[in-house]
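Residue numbering begins at 1 within each chain, and the chains themselves are lettered A, B and C in the order written.
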Amino acid sequence: MGSTKTNAGNYFEDFKLGQVLHHATPRTITEGDVSLYTALYGGRFALQSADSFAIDCGLQAAPVDDLLVFHVVFGKTVPDISLNAVANLGYADVRFLAPVLPGDSVQTSSEVIGLKENSNGKTGVVYVRSTGTNQMGEVVLDYVRWVMVHKKDKDAPAPKPVVPDLPGVVDPATFALPMDLNFGNFDATLSGSPHFFEDYEVGEKIDHVDGMTIEEAEHMMATRLYQNTAKVHFNAHMMKDDRMGRRLIYGGHIISLVRSLSFNGLGNAMLIAGINGGSHTAPTFAGDTIYAWSEVLDKSDLLGRNDAGALRIRTVGVKNKNGSDFPDTGEDGKRDPNVVLDLDYWVILPKSTV
Amino acid sequence: MGSTKTNAGNYFEDFKLGQVLHHATPRTITEGDVSLYTALYGGRFALQSADSFAIDCGLQAAPVDDLLVFHVVFGKTVPDISLNAVANLGYADVRFLAPVLPGDSVQTSSEVIGLKENSNGKTGVVYVRSTGTNQMGEVVLDYVRWVMVHKKDKDAPAPKPVVPDLPGVVDPATFALPMDLNFGNFDATLSGSPHFFEDYEVGEKIDHVDGMTIEEAEHMMATRLYQNTAKVHFNAHMMKDDRMGRRLIYGGHIISLVRSLSFNGLGNAMLIAGINGGSHTAPTFAGDTIYAWSEVLDKSDLLGRNDAGALRIRTVGVKNKNGSDFPDTGEDGKRDPNVVLDLDYWVILPKSTV
Amino acid sequence: MGSTKTNAGNYFEDFKLGQVLHHATPRTITEGDVSLYTALYGGRFALQSADSFAIDCGLQAAPVDDLLVFHVVFGKTVPDISLNAVANLGYADVRFLAPVLPGDSVQTSSEVIGLKENSNGKTGVVYVRSTGTNQMGEVVLDYVRWVMVHKKDKDAPAPKPVVPDLPGVVDPATFALPMDLNFGNFDATLSGSPHFFEDYEVGEKIDHVDGMTIEEAEHMMATRLYQNTAKVHFNAHMMKDDRMGRRLIYGGHIISLVRSLSFNGLGNAMLIAGINGGSHTAPTFAGDTIYAWSEVLDKSDLLGRNDAGALRIRTVGVKNKNGSDFPDTGEDGKRDPNVVLDLDYWVILPKSTV
């Protein structure tokens, strides 16, 4: 007798507008996770690297990297939201709302904010707003993602289509920087970059120069660290019969890698305040070498602060080809096939003119 | 002049009945070890994942995974017990007697409780009861294992054969659950499984569905983390001339992997109370994908508690073949050659009827 | 428009005698880093393995492995000192001056103490004394290294040549052991070796027996953990066009690996007090198996202590060949081509005669 106690995940018709899903597996993020994150990506942003630097910036201790928080909060949604997903279509309105310190415990819930069945009657798009909270119930991260999910029963009736109105860009007026953060005595020698907020211009492009090759052991360890259970990342035996023929790397692994590479040119981008959107434009596999380049899309002052400003950055990840000629979508509308990630986000830099 | 300061290990004739070996290398288990353990296996059992969840269950903090404790305690015995082993024959009466919290320091001693020379006069079987203790001297783990060990001198006299009387099954009356543990307010949403003790039936089989491929870097990092020094796991140069032709994966790595896979179907199996026995029925190598299925062998109430019960589980690990048809020993007595592990153990689940 | 905000590193003519460079990226070394270090090398030296053992030796907690401190302090110098290096020529006068405990934040500065342009006019040798300090400003590590660096402009005038006078051997009178350290009750059972300071003789050679194979994921995780950014270790895409054809392993990874292997024969070598010099005599690559052997070069008492002494050790790392016949430079002056590391250093061992 076989049992049915395993998680089959939710199908399109299982989601209801306004439904709130409380996701499993709360997670205490520790210094151990921070060390692994450093070992996996080699990050050098000073605020996350040293308690001493963070204390000099007014914080109690080095905060956990924003993207590590993102991956942990995101990982919890996979069993409920995207186990039966055809594709992860997009993110929007990603806002980091409170710092996470080692020792904090994080959990995630999601509200269904949109549903739209596809015309084929076999799949539909589910929009969720996911919220990560800490052990005090404070929201640390809030974001929207939408995924295309299989229907289990093609005859299940289509819901009334609701597509949420999402901001194309997170409004800097909604940023929530850590309250005690103060870049008044920012040490740009220790941070490793002499370039402050004022030194960047809209339209400026930066080739981040360095490249990093990914191994199977690395992306699997990362993805397990985030307790992300999507099968495609772990099971070579299953994937050899897939169209890809091999394990697919979690898209978030590439986001973290390009963020780390972006240090060389954006070394003072101390925090990610928000992510406006992102596309994984091509799959990546073990053995691929990832490069990155960035473009400054916009600049913004911050309400009530004169020690820091926000840069809206577009960082493009490229595989097996360096970023020296800024591989991108050409004038003919064709995207360079080596481009694997196109990420649009806001970073916080100190101002030099305090 | 070459020195002889390296450890040659003990041979069969070096062991004496009643002898107590105090093993080297005490080890503080930290949050760093816990994070690595998560990165290596992807565990999602809520009690070990989050301090917040553990506190809601009456504990001070998330306890260290039982199997991580097992591997660390076990690793210390290798240089003294099994450096000259032909084969690791079995385990019995494995009992987890006190929780280990990050920061605790563990050490191990072993008593020789049985000796039996083999009729070939070249090897013998050594039975030891190994005990892991923390920095306060409290026993955290106690177990018996027996190994076949080479004699150094074939002419050494055979000891009087003594084979200890070992329980085939750990008696639930001897379980020692953490004193403060209380599942009275167990949150089965956060734990990720709606299935309580009462929901499982003896004879029920569960295919755990997911598969995970193992890389060389992963099993070696795990085995070094446990300070297990068995050469066969680390030395490709030596192993290429071995019958196997390559590095062999530590059997404990497979135990931890199938335990992690078993979450999908046994998500509320919060603790391992004891291990009744286990066999590594075939070797595993890097590149193998491990699947698992389980069978409920027995159920037991727990003395003096109405919030939890124990399930006796048999979990079978299978390589490069999924568990959907429960690969096992057939009626002809032939074991499926893809079966690599057969583990018999007790897990603690909350009751729904508190 | 491309920007020039990336770090181009310093060229030979950028260095001035007496110049002090404050390196970027302070780093808090945590229990997470310690666990990763164990997972990467499998160290078993008891003092670093367990708080309980360290407390019995008079310390507050297990100190961070000396070589982990070295790698972190060293890593910070790479972007400023050796990004344009042709070769890392040597180390001297490496002294560990204060223990680092988990939670300490380390940063590095370097003073240029020598400059000598090569006769080709294209490169020069830069000598720096690098100093690692903790968050209290205490020096934890001090060492000299010299590297051959490219000139950017061949017509830049040569500086007055200054070659510092460096000690061939660190003077034991300058050692700075942790003040509270006391081996009066040293437990040689728990430490795993019965061999004390008095048991070693000058001229004695020890084959450390064990071998360990290195994977790409391992050396890259290690090198990123140290925030060492040298491109040759990470970028397979770039290196496939290099003379080597593949990623080169960070020399410090081999130092840590042979130190770990040396436990089998030098198990009571509790601390490294200083490094006299070291040469990476051949490159290592993923897939290589590393063995090691050691020779006792000298012995020294320690000023004001009768519980410990210092052994001057030469440890030789060998790839893909075991150390049983002590591979070395022959009488014909030809070095065994499998030798990859020749390290000369001082270790501290307890005395048995306290």
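Basically, contacts are C-beta pairs under 8 Å (C-beta built on N, C-alpha and C of every residue); 3 or more make two chains touch, one makes a residue touch a chain.
These figures come from a predicted structure and were not determined experimentally.
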| item | value |
| --- | --- |
| Copies chain C and chain A - interface residue numbers shared by over half, same or different | different |
| Rigid-body rotation angle, chain C and chain B, from Cα fit (steps of 5°) | 120 |
| Euclidean distance of C-alpha centroids - chain A vs chain C, Å | 36 |
| Of all residues in chain C, the ones touching two or more other chains | 30-33, 35-36, 102, 215-217 |
| Residues of chain A defined as touching chain B within the complex | 1-3, 5-7, 22, 24-28, 30-33, 35-36, 79, 102-103, 105, 107, 135, 215-218, 220-225, 227, 229, 231, 234-238, 247 |
| Chain A residues within the chain C interface of the complex | 30-36, 38-44, 46, 49-53, 62, 189-193, 195, 199-200, 203-213, 215-218, 264-267, 287, 289, 320-322, 326 |
